[in-house]
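Look at the two complexes coming up: subunit A is in both, with subunit B in one and subunit C in the other.
Showing the complex of A and B:
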């Protein structure tokens, strides 16, 4: 068990280390020279000033030393200042993390719930319903999630006028959200975002049910006259949890990728829209911070999902002594 | 051959020309038909549409579906939607196909080398691929676009990198199952070098799987890359792909929903054609074994 935790944590740290090194290196490809930016075109003509600036910013040190210095700033939450607004990047990101986490959590819960019900129905129903439920996940994966978002906007915001399409204000504007307004704003984006994880979970669920139904312990239970519903709940479904946990990293990754698109569709004030706007404005420091924050979120949630293994699978908890 | 016996597909030769294969593979035929129809429509775009994709005519702005001269309607600048859809065909198809093909080619090379070499090389490659396997690719796309500028080429590089690990793992496991088969051992004993074995014996055996997976990927990539274009990281104006069209149409979602929905439906149809093609082929191979 200790070994499992150590290896998972180790590889997560490696991902973050790799991501931070790549981020540190790529920012050097950004057009323009930092010294020119700091000194201005007049100062750059003075070689003495240039030399002093290079020493002051540590640009004369070897790259690994510069990396460690950068990392220690980042670890303390210091990402520098936005190149567009001049604001502290940490403040900008801090405002955006909350809405993104809220949307991500809502979509995860919805996706898991809908996916399980969908998969169980596809596993146990028969006839036309079964065929439709089994074909549907593939359709969900090829219909773009942003199109689903637009369709929801058209149906519920434009035609029925039931729910708002966008306009969740960020705390930047000074007003605080009422819970009711927050929830009505959350419904459509969470629904649009949950479909991709839901269809992935549904596929895993019915595939596992198919597999488990062939097992001998199910046949034994059936032969002993245990009711079908009880076999499903007690013997079949617990086996579904393992494949879902195994593909947890993939689910988190699909959620993050689609969240960026869905946030854009609904003008959700989250990290995704922040990064998309920052790319358009070439606000490198904000892009850098956004990528690092999302990478950390990805690694932590994958790690948390892996941790569930310990809870669910006794084989991992108490490995046989070999 | 008399009429009575000809009805029964008794001989292999006859059944090859009967309706049998078409009926059995109707999914593949429909899928290929759909993809071919879009390509042919693109070739004949000058005959099918009255106006060019970039022709701005304010007098014809926001015409509904079925308007004379613009069967799918026009956008806020009076540009013809059908014409713009057809102009997007090569961009959308290549944006899906190039990363899928490149991701499979590079992934297969890595997988073949890792599987055949084994030992430390294999463990190192598998370690790196496992770490990269589920990393959210959109972060890579955002980073590349931020640093090198948003362009179709940069987006393709990011997407290719994202599907590489999955393919490398698949081809590696195929290679492992082939590696100890007699024909490989025989050619090793006959003195064939590792490069010759990989190219002559392993590659042809993993190729069918590779092609099927790549076809599924083309379908999924068309949807995925449309997403990149949707947020402005993919195809850049004045070029259009279907993701750009959906993004433009989203602005008119209240007044002209056809502008966003028609390109969305086209993305879904073409994606599913590629996926169905691969799916049918996979099923055919499974039933044969």
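Showing the complex of A and C:
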């Protein structure tokens, strides 16, 4: 088991390193640079001045040199300063990570809960309800999540005035926010964000139920007269969990992808909206830090999935050849 | 890295800054805020205002790269020695009570008994500190800070005459220097506070003498200001101002309709009806910000004056007012009628598609039978129109209007789009091979027609300025230069009126509309929301219900 954990941790670090190299280079290959953007917006177009500023920021050095310099600073916890605002990148990112984590966690819990209930119902119900529940995930998956977000805002914030339309706190609260206010602001974006993972979980759940229900041990249990509910709870559903855990990484990636849209629609002050702005402004230092945060989140969630495997699958915990 | 920011500041020392306007026009400084609220009684009310973006660089007016309609924070917190009186269209006292100006130097008598918001005194030492901080690279407080717009004020040196008198020397002799002294780089802040914090921290906790104190500042999210009860001028009406920044204008409208905020700047045009139907008020106000397009005069077909004039006649400028639901006002020349230097005798190009067509025909560009594109010597009348991404409001209508109107009179039009970040770069508008007509906006750094028209002189060719289409006329240039050097206002204005005649005749720019600041507000809370010249909401003169 120790070797398994070490292996997974090592490969995760390699993934992070590889991702950081690819993304470090990618942002620099996109036309435009922060110096031209910022100085251009300040009325400075002189190529000599722009070139001198680029030199001053070290952006004229070969990419490997820039990368090594950046990585060595990052290893010491120093992400540098925003090339646009001059603020410390750690301060900018620190402000954004919390709201993103909160939204991601809330959407994960909601997505898993709703998806499981939805999938189980679609697996065991019959008739029209079964047909509707099985068709619904496809419908949800083809509707863009930002449309769902806008519809939720219109219904619950603008029309009914039950929930806040956007943001993490109400304008008057500022830094002194109550837990109740935080939760009310969280409901709509979390709901909009959880629908895609919930649909994926639902589809996977009822498909797995269909598969497990055909297994011999289930048929045997039925033949022995074991009540259907007991078969479902004791034999069928535990086997459903494994593929859901397997696809945990995919669900996290769906969450991260959609979070950028949802954060924008709800003006949620998270890493997603930060990244959109930073990319538009070619603010390399902020983009790099943001991407690293996302990559770490992805890798950590993958590690967590692997950890869960250890718990739920004895074949991983005790491999047959040991 | 902070040293690098300092280097950027040095690099800015030789440019003439223009204005970043509404994030899609050329760059500019901004005039100081009016110190007195006219007739608006102070209340204990809180005003919650939503804006789609805030100024890059925080709330230290001297450091920001400002986008004009959103530059509220420094305007509420800090002041310059002089301000621009928008009603009288002249420079007026602010932190200085009087001054003398001879072109190359100005001596200011400072206002007595004024203190900064941290309780420290405002005096000649503070002024010397602030000005040297902005322009003097040998000064300690100048290090580690970026001042992108520092060079807009031609500071040469500053001397303390006595505790309440300073003399400022300038590098150039221009009539508009006192106007420049009203702008961000000349804003005065507490030397004690500046020296107490790092520049990165200070810009979010600035200490000025202005009517509001900054109590919290989350960049690109929210900032909060409390009324400065020790303010020397008339107290503003709102006890507290909360500015909410959300990039998505739709989110702000939802906030307005759900009652979370009192007003929202620049709502999307398509939401106007929804806003009005919900009982909210939409108010527009013209700002000194203009939109249209530059002709590329270095290559056919717009190297020909008559061709440019034909294109001017082809554009239905009035229709943009209707299409934008009042968020744009048509304009017909370089200077609008609200400016002192406006020449009423210059009749601009009003929409006349037939005349445009006749002029094109006279130039040999003929519509073939059944064809839609004019031809000459077997070649189509083709033009490339360049635009950038990220337009909002009425600006989204600009390119479609130009393209469809030009097509109507027989142009073959192709649209080239570049990313916003690349607009003023060699990959964008600076590559003249890419375009014949460049869609964009412009503004003066100060409310002066001469400064506005400097954008159109040979001296403003890229990279020195933003005359991207390379229009050049020595007679026009001379009039602008003479106007800038003239301290006789009548002569100054006359020269600029003559310059407008030249521009009208040569049509190097396609002037289309004057930007209208648009605010949506809750009439149950506010009865009037006035705007300032460059499009900022005049929070000091709000009228509460």
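Just so we're on the same page, the second predicted complex is superposed on the first by the 263 of 322 C-alpha atoms of A that agree within 3 Å, B and C clash if a C-alpha of one lies under 4 Å from a C-alpha of the other, contacts with A are read in each partner's own complex, and residues count from 1 in each chain.
Quick note on the criterion: contacts are C-beta pairs under 8 Å (C-beta built on N, C-alpha and C of every residue); 3 or more make two chains touch, one makes a residue touch a chain.
The shown structure was predicted, so the numbers you read here are calculated from the model rather than taken from an experiment.
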First, second, both or neither for A:265, with subunit B first and subunit C second: both
Subunit B versus subunit C as contact partner of A:80, first or second or both or neither: second
Partner chain(s) touched by A:257 [first = subunit B, second = subunit C, both, neither]: first
Partner chain in contact with A:118 - subunit B first, subunit C second, else both or neither: neither
Touching partner for A:161 - first (subunit B), second (subunit C), both, neither: second
Touched partner set for A:309, first subunit B, second subunit C, both or neither: neither
First (subunit B), second (subunit C), both or neither touched by A:153: both
Touched partner set for A:141, first subunit B, second subunit C, both or neither: first
Partner chain(s) touched by A:282 [first = subunit B, second = subunit C, both, neither]: both
Subunit C-contacting residues of subunit A that also contact subunit B: 150, 153-154, 158, 165, 264-265, 276, 280, 282
For the subunit B and subunit A complex, residues of the former touching the latter: 127, 130-131, 133-139, 142-148, 150, 219-220, 222-224, 226-227, 230-233, 243, 246, 249-250, 253-254, 257, 260-261, 264, 267-268, 271-272, 275, 279
Residues on subunit A engaged by subunit C in the complex (per definition of touch): 31-32, 35-49, 52-53, 56-58, 80-81, 84-88, 92, 95, 150, 153-154, 157-158, 161, 164-167, 170-172, 174-175, 264-267, 269, 273, 276-277, 280-282
Touch list for subunit C against partner subunit A, complex: 1-2, 4-5, 7-8, 11-12, 14-20, 26-28, 46, 48, 50, 56-58, 63, 65, 146, 148-149, 199-200, 203-204, 216, 218-222, 224, 242, 244, 246-248, 250-251, 254-255, 257-261, 278, 390, 419-427, 430, 462-466
Sites on subunit A touched by subunit B in the complex: 11, 14-15, 18, 22-23, 26-27, 29-30, 138-139, 141-147, 150-151, 153-154, 158, 165, 249-250, 252-253, 256-258, 260-261, 264-265, 275-276, 278-280, 282, 284, 287, 290-291, 294-295, 298, 302
